[in-house]
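Note that chain A is present in both complexes that follow, paired respectively with chain B and with chain C.
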Partner chain A sequence: MNKKQNNASGRLLNFLGENSVPIMFVIIVAICIPISGFSPKFLLNEIITRMGRNVFLILSLLIPIMAGMGLNFGMTLGAMAGEIALIFVSDWQIWGIPGIILAMILSIPISVVMGIMCGKILNASKGREMITSYIISFFTNGLYQLLVLYMMGSIIPIIHSSIKLPRGYGIRQTVGLLNMRQSLDNLLALRIAGVKIPVLTFIIIALMCLVIVWFRRTKLGQDMRAVGQDMEVARDAGIDVERTRIISIVISTVLAGFGMIIYLQNMGDMATYSAHSQIGMFCIAALLVGGASVDRASIGNVFLGVVLFHLMFILAPTAGAKITGDTMIGEYFRVFISYGVITVALVMYETKKRKAKAGMGHLLEAAQREEEKANA
Partner chain B sequence: MSDLRNAGTGWQERLVSAYKSFGLPRMIIAGMLVVLLIAAPLVGANFWMQITNVINRFSWNSVLVLAMVPMVHSGCGLNFGLPLGIISGLLGATISLEMGFTGPMSFVMAILIATPFAILFGIGYGWLLNKIKGGEMMIATYVGFSSVSFMCMMWLLLPYRKPDMVWGYAGTGLRTTISLEGYYDQILAKFLQIRIGSLVIPTGSLLFFAFLAFLMWAFLHTKTGTAMTAVGSNPVFAKAAGINVDKMRMLSVVLSTWLAAIGILVYQQGFGFIQLYMAPFNMALPAVSAILIGGASVNKASIANVIIGTILFQGIVTMTPTVMNNAIHMDISEVLRMVVSNGMILYALTRKTEAKS
Partner chain C sequence: MSDHVPLLEMKKVAKDFFGNQVLKDINLKLEAGEVLGLVGENGAGKSTLMKILFGMTEINETGGYDGEVLFNGKVLHFTSPFDALAEGIGMVHQEFSLIPGFTATENILLNREPQKKSVVSEVFGERLNTLDRKSMKQKADGAIDKMGMHIDGNMVIADMPVGHKQFTEIARELSKEQLKLLILDEPTAVLTEQEAEVLLQSIRGMASRGIAVIFITHRLHEIMSVCDKVVVMRDGVLVHDVAAKDTSIPEVTRWMVGRSVNIDAQTHRKPPETPTIMSIRKLWVDMPGETVRNVSLDIREGEILGIGGLAGQGKLGIPNGIMGLYNAGGQVTFDGKEIPLNAPRRCLDSQLAFVSEDRRGVGLLLDESLEWNIAFPAMQIHNKFLKNYLGGLIKWRDEKAIGEVTRKYIEELQIKCTSSKQKAKQLSGGNQQKVCLAKAFALNPKFLFVSEPTRGIDVGAKALVLEALKKFNRENGVTVVMISSELEELRQICDRIAIVSGGRIAGILPATSSSEDFGTLMVSKVV
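On to the complex of A and B.
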């Protein structure tokens, strides 16, 4: 009886330990909701909008995690590809659903090229993928600015002056996507008791989830998991490790490009030079809040993460203002939480990895001792 | 004839070996700086003014770059957590001003007050990095970010009251930039300053850097210093030789954090302002790429790397805007800086390094 109880409490502790981040966020949100004084209808509306906006982007992170490459900070590259495609489409004045589809098609080749570049660099820096992909995103941001701020309009023809800077070349700080705004969300949209549900966007997201589930079972998906488990073993099993890793990054980049287009059509305008700069950080923080770790993430984590993280995002400024009387505190608080969550997740992952390594060492030692005993 | 050929191959070999030890990206950057130096007078910029700017920027940033050295030596990698040290420096600066010190005394007090903070933060940071060996750089980045965003709240909440530091209407919460006029603005730079025409040399700042760099160099040659280098180059061997690996790493992190705190104070005295809130956020990357441009790698760095790297990096950063603006009336310097500095970090990260423990 006693043993059983111990077991149960042990299991509970284990559960709490493994899900400490989501549980902490549930508590934060539970405290903030009454303080902020928002109506449930408003919150539900906001959450559903933000889900439609962000989930696809976060889904793009899952495949590199499967391939053991950690959190892909290089998803920003895909976001930039999506933005470049949107600039062209809005210059050609193709609006609505056709515009979105054309932008998605246009973004594919750009994403693939960037993804291959990113994958190759990451292959040269194995074991340091995350910091490298993080720096790649900065580096590519430089190239992106070179292209958009200096080459568009001077070398690459841009027809409409409405999106050009007054000096004659370069793209304006914001590109209006008014004619495209929420055209994906509004098609087939449902309104239930004042809450708008963008059905088509959700169908696309559901399809994507199915594709990811299916992909895990394909040969390539299995290879990726094998590479993620142990690169050397996978190589011995005849898997082309380098190629598999590049493919996982390319898929992630292409999906991030689509995700960014979905995100921007919901927003309705595009901050040309800053829309992508924070997107990687927020997506990764949301995924981690949902209970994912650097080496394990599921579709469930994505949805839970979006709900909890964005609730915190909506609530923090108002709740912070009500508690301290200063609006800026809440603003800084949510930034701090985003970074803090990523830090904690990274620390937990690294300590777990070291513990596993040490545990392996102990097992090996014990096995050797046994063997020696048997020999003696 | 054969002599000539021999001489030729000897010359070529030497060039190849120089090229190999110097590295292609460094060559390109040095070449770029030379081109800029030649182009500056041609496009109508005052050459000596440009040199003054480069020396000035060098004197502001060199200590921050020096802060990279200890952690690279002990094998903790590039200190992307530099903002943590910068925050201790900011605490020292603001508390020194709050306590009412002025003139040179405010600078000395800022250093003295920043020191315990730097040691305290450094111990915590070092403890964390010892728990996660192998993943230092990514976690360091995020430790820096979280501490900066945490301090954003603290700058608003801490009970600072001095009228020229806090927001005028509320009476609380520090301003985003605080002028150092009357405090330690140019305190080092004005010391023994040399003026020849339009060339101005901030001797005091350079001497201060030289002093710290000498201390660093001397420290690396003491018994503790060599032990630290041993930990960095081969932890297993160092452990076998009876060196406490964790303690050495901790010491290097504390040193690095403290130097970052001093570094930001030196930066402020040159710049003339204390910058708070999100300002320290992106200060790690320029320092990291500067030392890499100077020839350091993820696990090897010397004082010479610091000096060469800071001159090259700051040279490019200060000269490109003027030269580019004068030459083609198009300011692509910001973009260029982004590509060059991050490209340099990427290059270093993709180099093969010795086996880790």
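On to the complex of A and C.
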């Protein structure tokens, strides 16, 4: 009886330890909701909108984690590819759903090229994929600026002056996507008790989840899991490790490109030079808030993460303002939390292994004590 | 049948690494369904010969080999192990080559999974075929059945005991339908005696199905019980090739070392009746695969205490726990003072030393010179080999003293190396072990733990290592605790032997007790 209780409480402790990050966020959110004074309807509306906007982007992170390449900060590259595609599409004045589909198609070759580049660099820096992909995203940002700020309008023809800088070449700070705004979300949209549900976007997300589940069962998915766990063994078995890793990054980049297009059509305008700059960071933070780690992430983590992370985004400024009277505090809080949660995840990745070891020791010690009691 | 073609034939095979001749004039024949036992000291050229046969890339990269290897009458030109696999040659290496998070089934069929085609894979290529889990299970179970040892196909490798991992590897080779020749490189080293017996059974089974087996091991009685013929190598030359039934263990041992090893002429001294120097109370150690439970043990000053037992029963956990390498609890008193657990530095400060069974991981700085390896701990712990300047504010290494002490040990332990500056990773296993010992000796400890000092090293080096330990004990009065899976070598040098079974001390006997007594203790508490 006593033992059973011990076991149960041990399992509970284990569960709490494994999921400490999501639990912490649940508590923060639970405290902030009453303080902020938002109505449930408002919150639900916001969350559903933001889920539609963001989930696809975060899904793009799952495959590199499976291939043992950690959190792909290089998803920013895909986001840039999506933006470049959107600039062309809006210049050609193709709006609505056809515009979105065209942009997605256009983004594929750009994403593939960038993904191959990124994958090759990451293959040259095995074991340090995360920091490398993070730096690659900064480096590629320079290439992106060169292309968009100097080459578009001068070398690459841009017809409409509305998106060009007054000097005649380069793209403006913001590109309006008003004619495309939420066209994906509004098609087939449902309104239930005042809450708008973007059914089509959700269908696309659901399909993507199915694709990921299916992908795990393919030969390629199996190879990626093998490569992710032990590259040498995989190589000895005849799996082309380098190629498999590049493919995983290419898939991630392409999906990130699609995700960025979905994200921007929801926003309705595009900050040409900054929309992508922190998207990788926020997506990774959201995934980690959902309970993922550097070597393990599931679709469930994505959804939980999006809900918790965005709830905090909505609540923190208002709650912060209510408590301190300063709206800036909430803004500050967001950024602080994003960086903080990533740091925590990176540290926990290492300490978890040590913790697991210590846990076994406690079991041994307890067993020994019980034995002594039995003898006495 | 003059036109009969043997399965494998080697003709005048020779190999040199940049002028260093490691194999000379090897001629060998093997028929289908035959089991060949390949024995020889470390560095005798067994591994190189197998690398040639298995087409390892390092052979090609170092200029190929001379002579001819014929398989089924065809001259082989392998450029990589994949060519060898395609021809039907499989090899189980000493190190495991398994994906830890995969099940046995997934590992057995790694990269050879049965697949189902789909519309998507027709368009985008074969890698998007889905895995056919059902026929994967069938195939893996078939291979496991062939092997004769039952392992759970759904069990994840990381949760398996080490013996089952070995069997998973063997099942993987057996699942290859084209397999005609299987090379097993010391497969029984990690197995318990019972498991090893099952493996020998399954080797017999393979042979009866027409698969030829090359079996490399240091355990000669296994060779005698399972092999059709024995091939003995020494210094890169094939010295004997005889039918197993025409020879005996002492004879093979003599061929291997080229001198006679007499293990029975051991004179035992009376166990010293000295006071206790280390007392261990209620020790538990969480070492994966070698768990220790509630061990209490007294060690007398100046004795050599042996700790024996079957693999996986916890004998390795005792020194690793006390020295702080694995999480442990309980009390350890040494020389009247309590030693804190989980703090390796404090152990070393109390003049305890440890020669780990994990030579390459814990024991050596592989990329550093012998000098560094031998002097580093002494430098770190006892400030030896350092010259002090400015009243000790600046410490410089005393290269001369380091060189001297290294050369002394190289000579004393007969470490085969080109110079004291050679890198540790370039030495053979036996010589690496000697470096580990030298490193511990250089610390001048009062108390020495030696864990599996003879694992994977040859008979000649083994005798040397044991002799060195004994000498160190006798001349310096150092208390030695030696942990080993080989009872015979414990009985050679120890005064008393404690047998660990099921993580506990099953009993302590004087070394002169009979093998049966030890054997009974070994299996008494097996879990």
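In the analysis below, the second predicted complex is superposed on the first by the 351 of 376 C-alpha atoms of A that agree within 3 Å, B and C clash if a C-alpha of one lies under 4 Å from a C-alpha of the other, contacts with A are read in each partner's own complex, and residues count from 1 in each chain.
Going forward, contacts are C-beta pairs under 8 Å (C-beta built on N, C-alpha and C of every residue); 3 or more make two chains touch, one makes a residue touch a chain.
The shown structure was predicted, so the numbers you read here are calculated from the model rather than taken from an experiment.
Novice: Is A:125 touching anything from chain B or chain C once the two structures are fitted on A? First, second, both or neither.
Specialist: Only chain B; A:125 stays clear of chain C.
Novice: Once the structures are superposed on A, label A:324 by its partner contacts, choosing first (chain B), second (chain C), both or neither.
Specialist: In the superposition, A:324 touches chain B alone.
Novice: After the superposition on A, what does A:220 contact: first (chain B), second (chain C), both or neither?
Specialist: The second partner, chain C, only.
Novice: Look at A:238 in the shared chain and tell me whether it touches chain B only, chain C only, both, or neither; answer first, second, both or neither.
Specialist: Second partner only.
Novice: Quick check for you: in the superposed arrangement, does A:343 touch first (chain B), second (chain C), both or neither?
Specialist: first
Novice: Of chain B and chain C, which one touches more of chain A's residues?
Specialist: Per-residue touch count on chain A favours B.
Novice: Quick check for you: in the superposed arrangement, does A:136 touch first (chain B), second (chain C), both or neither?
Specialist: A:136 contacts chain B only, not chain C.
Novice: Quick check on the superposed pair: does A:149 touch chain B, chain C, both, or neither? Answer first, second, both or neither.
Specialist: The answer is first: A:149 touches chain B but not chain C.
Novice: Just to be sure I read the superposition right, which of the two partners does A:159 touch: chain B = first, chain C = second, or both, or neither?
Specialist: A:159 sits against neither chain B nor chain C.
Novice: Between chain B and chain C, whom does A:229 touch in the aligned arrangement: first, second, both, or neither?
Specialist: Only chain C is touched by A:229; chain B is not.
Novice: Residues on chain A in contact with chain B in one complex and with chain C in the other?
Specialist: On chain A, no residue contacts both chain B in one structure and chain C in the other.
Novice: In their complex, what parts of chain A are in touch with chain B?
Specialist: 121, 124-125, 127-128, 130-132, 134-136, 138-139, 141-143, 145-146, 149-150, 324, 326, 328-329, 332-333, 335-336, 338-340, 342-343, 346-347, 349-351, 353-354
Novice: Over in the complex, which chain B residues touch chain A? Could you list them?
Specialist: 80, 128, 131-135, 137-139, 141-143, 145-146, 149-150, 152-153, 156-157, 173, 285, 330, 332, 334-336, 338-339, 342-343, 345-346, 349-350, 356
Novice: Quick check on the complex: what are the chain C residues that touch chain A?
Specialist: These residues of chain C touch chain A: 81-82, 97-102, 106, 110-113, 115, 121, 126-131, 282, 284-286, 291, 293-294, 327-329.
Novice: Enumerate the contact residues on chain A facing chain C in the complex.
Specialist: It is residues 214, 217-220, 222-223, 225-226, 229-230, 232-234, 236-239, 357-358, 360-361, 364-365, 367-368, 371-372 of chain A that touch chain C.
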